[in-house]
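Dropping the structures in below, format is structure tokens.
Two complexes follow with chain A in common, the first pairing it with chain B and the second with chain C.
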Partner chain A sequence: MRKAMYALGRGLLFLTALLFAIVFLMPTVLTITNSFMSGTEIAANYGVVFSSLSNTTTYISDQVNLKFIPDQVSFSQYATALLKSPDYLLKFWNSVILVVPIVIFQVAVAAFAAYSFTCYRGKMKEALFFFYIILMLMPYQVTLVPNYLVAEWTHLLNTRWAIILPGIFAPFSVFLLTKFMRRIPVSLIEAAKLDGAGDWKIFTRICLPMCRSALYSIVILVFIDYWNMVEQPIVLLSDAEKQPLSVFLSQINSGEVGLAFAVATIYMVPTLLLFLHGEDYLVEGITYSGSVKG
Partner chain B sequence: MKINHAKLRRKMRGRLSGAAFLAPSFLGAAIFYILPFGVVVYYSLIKSPLVREFVGFENFVNVLNNSSFRMAAANTLKFSAVAVPLAVILAILLALMLECKIPAKSQLRTFFLSPMMVPVASIVLIWQVIFHYNGVLNNFLSIFGYDKIDWFKSDYGQIPIIVLFLWKNLGYNMILFMAALNNMPKGLLEVARVEGAGPVYCFFNIKLRYLSPTVLFVTILSLINSFKVFREVYLLTGAYPYESLYMLQHFMNNAFVNIDYQKLSAAAVLMAAVMVVLIAILFVAENFFGKDVEG
Partner chain C sequence: MDTKEALRGKRRGWIKNAAIIFLAIMLVLTFFSNTIMNRSLPEVATQYVSSGTISAKIRGSGTVTANSAYEVKVKENRVIKTVAVRKGDTVEVGDVLFILEEGESTGLQELRDQLDDAKYNYRLLLLSSPYINTSSDSREIERLKEKVEEAIEERDLSYVTDAQIASAESDVTDKEIAAETAANQIEDLDEKIAELNEQLAGLSGGTVNADLSAEQKALDAAARELNSKKTELQTANLIYGRAYEKLSEIAATWEIEYHPEYSLEARMAGYARMNPGAGLDGITYSEAYEKITDAKVALEAAQIAYNDAQTAYYNRLAELGASSMESAQASSLKAQLETLEEQKKAAEKEKKNADKALEEANALLETLKTKKENYKMLDDAVKAAEDALEDKLISVQESQHSTTVEKTKFDLDVEKAKKQIDELQEKIDKYEEGEGGDTINAPVAGTVTAINISAGSTTDYDVSLMTIEENDRGYMLSFSVTNEQAQKVKIGDSADVTGYYWGSDIKATLAAITNDPAGAGQSKLLNFVVEGDVSAGDQLNLAISQKSANYELIVPNSAVRSDANGYFVLTVQTKNSPLGNRYVATRVDVQVLASDDTNTAVSGSLVSYDYVITTSSAPLTPGQLVRLVEN
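Moving on to the complex of A and B:
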């Protein structure tokens, strides 16, 4: 009897979890499947919501129709996105050359800083770390003026550096990586010191390898954050030629819903690859079992 | 004496190399964030960038008396006060749920993480389809006889945004809690169970205390993300949305567009001050709750 109850409870729990999980997955699936719908089908489904779709003479369902499976698989949106205008590919490349340097250098700079915050602690350092947290918490609108001023003084305004440089020194990954690095048992580092290992050796042989999964998860987080940036390029890169696809995508007007889904799907591919490759790292966090001291 | 000298020298060298590791990050942060923020503080105290006359707290008084600032501050506070605790509590519940022995765990985990991948533009479209006046949710509710409402232009405007925020961030928060639960000493729970402690007792008296550093961590991350959701709000509703959705970021953004640096700087400094207090409180609270489990 008790066993049956237990099994029933587990079944219910699984169903609840599954239900939630499906709700969470829905927008991803919608984005991908709707990108394979033809313009007419999109207009029929969403015409009621996006009035700008209705100036076409096509049929529009009087009720919004959130559909997962297209009536007929069509690549017309992709053809428009990829072949008719080279703009999208250009903007995609813009995104790449903005985001890749930011991710690589932000994580590298943060790794050094995190080592310092981990191995050389003291009142001053704790105060400084607190300061980093405050900096990190500032919404973009607060750092907007500082960023703009610096870009203006250094004549970087309207160049890619105006986004890349502040991105490299953003305190976010310093905070995150320090939190992870501080979980490495102190005894391990002390032992290495007693054996005569210098800072560089401890850093490259102990801290970095032990934080491998943390590093990877930070790469994913930072990448996602900057891959979808909208505010920074609008303010600091007035030149539309240089703006990343995320800005362009956010400005596709609602008359082109189908196209937006197709471009969004293309835009999702790099994130998806990072995810598939590194999801386990994201989950592992840090690869050892020991003190949880953070 | 000799030993002391050696010790001192080692200490000094340690300090130097500690500083060297921090230097790139600190110099960069100083140039791109800290010094400019000093300028913002300076701007908040002068009459205008052209007339650099010291006016004391006049700009702050002006901003505090500004009705749209007050509305924006109240809305932002309301949003964060609801959304952040929900993001923490629901993430703990999800983590506990996935900790139980259920099938297809890693697939479920992936499903929960999937929102992180979806580009903003597509989120915005889907949210419109769901919460529009003629949208999916209203159609669904009308089956049960509820009146249609235009969600983004109503007093319930924050609800779709809170849902969006939770949808986007619960997955990663959950992962962090799962990792923390995994790292918990198993022996302690074993002993408690043998002594006859129930699952509820175990959760509140053991697990939650071990989770408290993670709770602080996730709270800070969620707070950051609760500010970042402005991007979606802005794309959904524009620069001047319905009152219930007018956030501090709208206020600052509009001040920036209108080149009203005084208003913007004063608002930014006020917001920073609130943040300092808030984080300090969180730190003290974490120290208090988690102190006997650390180390």
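Moving on to the complex of A and C:
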């Protein structure tokens, strides 16, 4: 009886999980399948959603028609995005130009900062770390206005540095890496010191290899975070030609719905590849598992 | 564990490669993005806005007409049989325009009837004169009246129309042709008959002996001889066979104990040589062999004799065949000859009939001509009788010396009736003057521009049947322009002829500016004198230059476009982008001030040296990205 109840419970749990999985996956699947629809079909299916934006256009269907299977598979949206309009490619490279330096330098800064918070002793250390935590807890919108003011003051407004510099010094990765580095046994570092290793050797030969999974996690999380940023470019980059592709995806209009599906599908490829590459480390890093070996 | 790590490593490697490929593709696409996009953009040619002079041209088209037009009219009522020309045809003087039905003008006939009625009424009026009261006068008048009637009757009997004479003449011509044809036919037949007679004479006249019996007999004898020789050969073969068999039996064991190596043939030959007397039924083997050889020779000789006999037979047969063919040909020729003789007889008969008919037709024509000549004389006699009657009536009337009102009234009536007769006579004379033959010919040379009557219709007296424009009197062309345009040209200006490929060296000069009847005061007619290689009815396009003027903004004609909102030009606006310059077609509304063949003067928000789009490789809409043409 108990066994049957347990099986039933497991079954219900599985169904609930499946339901959630379907709900969460549906937008992604919809994006990918709809990117293969022609502009006419997209307009017929979703045109009414955008009818408020354009008063002159009349749409065939007066309700949204969520469809997963195209009437006729068409690559026209991809052809438009990749071949006919250099703007989208330019915006893609804008995203890359903004995100890659942020990820590299943020990880570097976080690594150094985390080592400092872990290995050095001082009165200000804890206070400074607490300040980092406070900063991390603040919503991004709170710091957006000071960011804007500082950028204007430093004449960096409407330049990529206005995005890259705050990104490099973001507190989240410092916090995560510090927490991870503190789990490295002190005895290990002391043993290295006894063996005559300096700080640079300890940092590069002990700390960084042991934090590899955490570094991977940080790379993936930071990449996803900044690859999808919308508010910062809108506020800090007034020049549309410098804005990343994520901004375009947030500003689609009725004529570009099909194009947005195709661009979104292309846009999710780098994230997906990065995630698949570091999937194991991401889980490991987040769960703090396997911190010390042997 | 190691395997799991290896799998992970492999997967990471695969994903790394995928990422590299993805980024490489994106890079390549970015590199070529401008090129690919430019390929899909419409290519445009541009020209800058300039200032200068515009010499506008007035254009118009019209039909060339001749300066002088001749109306073809007839003074008779005749039925049109055929219209011999078509509109646009060029005719020379004397060319046939219409062929008329045979017969007299119906109008003339009617007039003659009217004249007869008028004369009759006139005589009645005179007879009803209140002054005729003596019986002697009455008798005299009656006698004169009868004389008039007799004269009229006699004259009417001789009345012959021109058409009747023409018909009789035509009949005579037909009969002459028929007689001539018959004579020619007879001549032809004579020639053919002579030819056939010659052919007949050429054929071998001797009869061929149809007897084949001698050859047949020889052939039969040869055949019999051949058969007997065949039988003899068969008998000899049989004897020889039996002798051979016997010999082979005997010789099989001959001297076998001494010469076992000898073959059967050798033994047989040896035995025969050693025993020349041995044989079968008294015939030795060699005799049998000789016999068979002789029989073969005899058979060959018989065969040769038979072949010769057969050849002789066939030769004879061929001779006979040729002879029979010739006789068949001769009989066929004879039959043809007979037919021709019959035909000749028929033709001779026909000729006789034709000659007779010709004589009759000639006689009829002569009679008609005589009647026509007599008619005039008889008509004069009628007139003389009528005059006599009239004189008598008038003399009786005047002898009364009465001055009553009734007399005056009677005189007026007589005068009126006389006047009517005179008028009718005058009309008839006019008709008779206009009376022509059976065709209406062109009085002038020119081009037929209008035909007002069709075949089967009747002509009206003095009404235009056809218009002929006389080519040697020059040509005119006119078209309508606005009053403003008319003010910008002057008489004597020459115009260019455009789009006319059929003639060369055409000169058009403005001769007059007149009011346009269809223009309600808003337009004028420009009248040009056209000289050169044109003809009436040609459609010409003319362009005459206006006075020129200076303008600030001049663009090529091809740059000016129009839609429901009016005229506009598309200018090229340059936009800088990280991937290079982009060119956008931008609409600028303009007003057209003047234009010539190549340029248009405009006003609008344009500045000098703006680039305007003149041509494009695809239809353009304002705001569209374009590609500049590569020089």
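Following the convention adopted for this analysis, the second predicted complex is superposed on the first by the 242 of 294 C-alpha atoms of A that agree within 3 Å, B and C clash if a C-alpha of one lies under 4 Å from a C-alpha of the other, contacts with A are read in each partner's own complex, and residues count from 1 in each chain.
Here is the rule we go by: a contact is a pair of C-beta atoms (placed from the backbone, for glycine too) under 8 Å apart; a residue touches a chain by one contact, two chains touch by 3 or more.
Small disclaimer: the values here were computed from a predicted structure and weren't measured.
In the superposition on chain A, A:P244 contacts neither chain B nor chain C. After overlaying the two complexes on the shared chain, residue contacts for A:G258 are found with neither chain B nor chain C. Look at A:T271: by the touch rule set out above, it reaches chain B but stays clear of chain C. When the two structures are aligned on the shared chain, A:A17 is found in touch with chain B, with no touch to chain C. Counting the residues of chain A touched by each of chain B and chain C gives the higher count for B.
In the superposition on chain A, A:D199 makes contact with chain B only, while chain C stays out of contact range. By the touch criterion defined above, A:K84 lies against chain C but remains apart from chain B after alignment on the C-alpha atoms of chain A. In the superposition on chain A, A:Y115 contacts chain B only, with no contact to chain C.
In the superposition on chain A, no contact is made by A:G39 with either chain B or chain C.
According to the touch criterion, chain A has no shared surface contacted by chain B in one complex and chain C in the other. On the chain A side of its complex with chain B, the touching residues are 10, 13-14, 16-18, 20-25, 27-28, 30-31, 46, 48-50, 63-64, 66, 109-110, 112-113, 115-117, 119-120, 125, 128, 130, 132-150, 165-166, 168-169, 171-172, 174-175, 179, 199, 203, 221, 224, 228, 230-231, 235, 246, 249-250, 252, 254, 257, 260-261, 263-264, 267-268, 271-272, 275, 279, 282-286, 289-294. Against chain A, the residues of chain B that register as touching in their complex are 14-15, 17-22, 24-26, 28-29, 31-34, 36-37, 39-40, 43, 94, 97-98, 100-104, 107-126, 128-130, 132, 134-136, 139, 167, 170-172, 175-176, 178-180, 182-184, 210, 213-214, 216-217, 220, 223-224, 227-228, 230-231, 235, 248-249, 252-253, 256, 261, 264-265, 268, 271-272, 275-276, 279-280, 283, 293-295. Remark: chain C residues 8, 11-12, 15-16, 18-19, 22-23, 26, 29-30, 33-34, 36-37, 40, 577-579 touch chain A in the complex. Those residues of chain A lying in contact with chain C across their complex are 82-86, 89-90, 92-93, 241, 269-270, 273-274, 276-277, 280.
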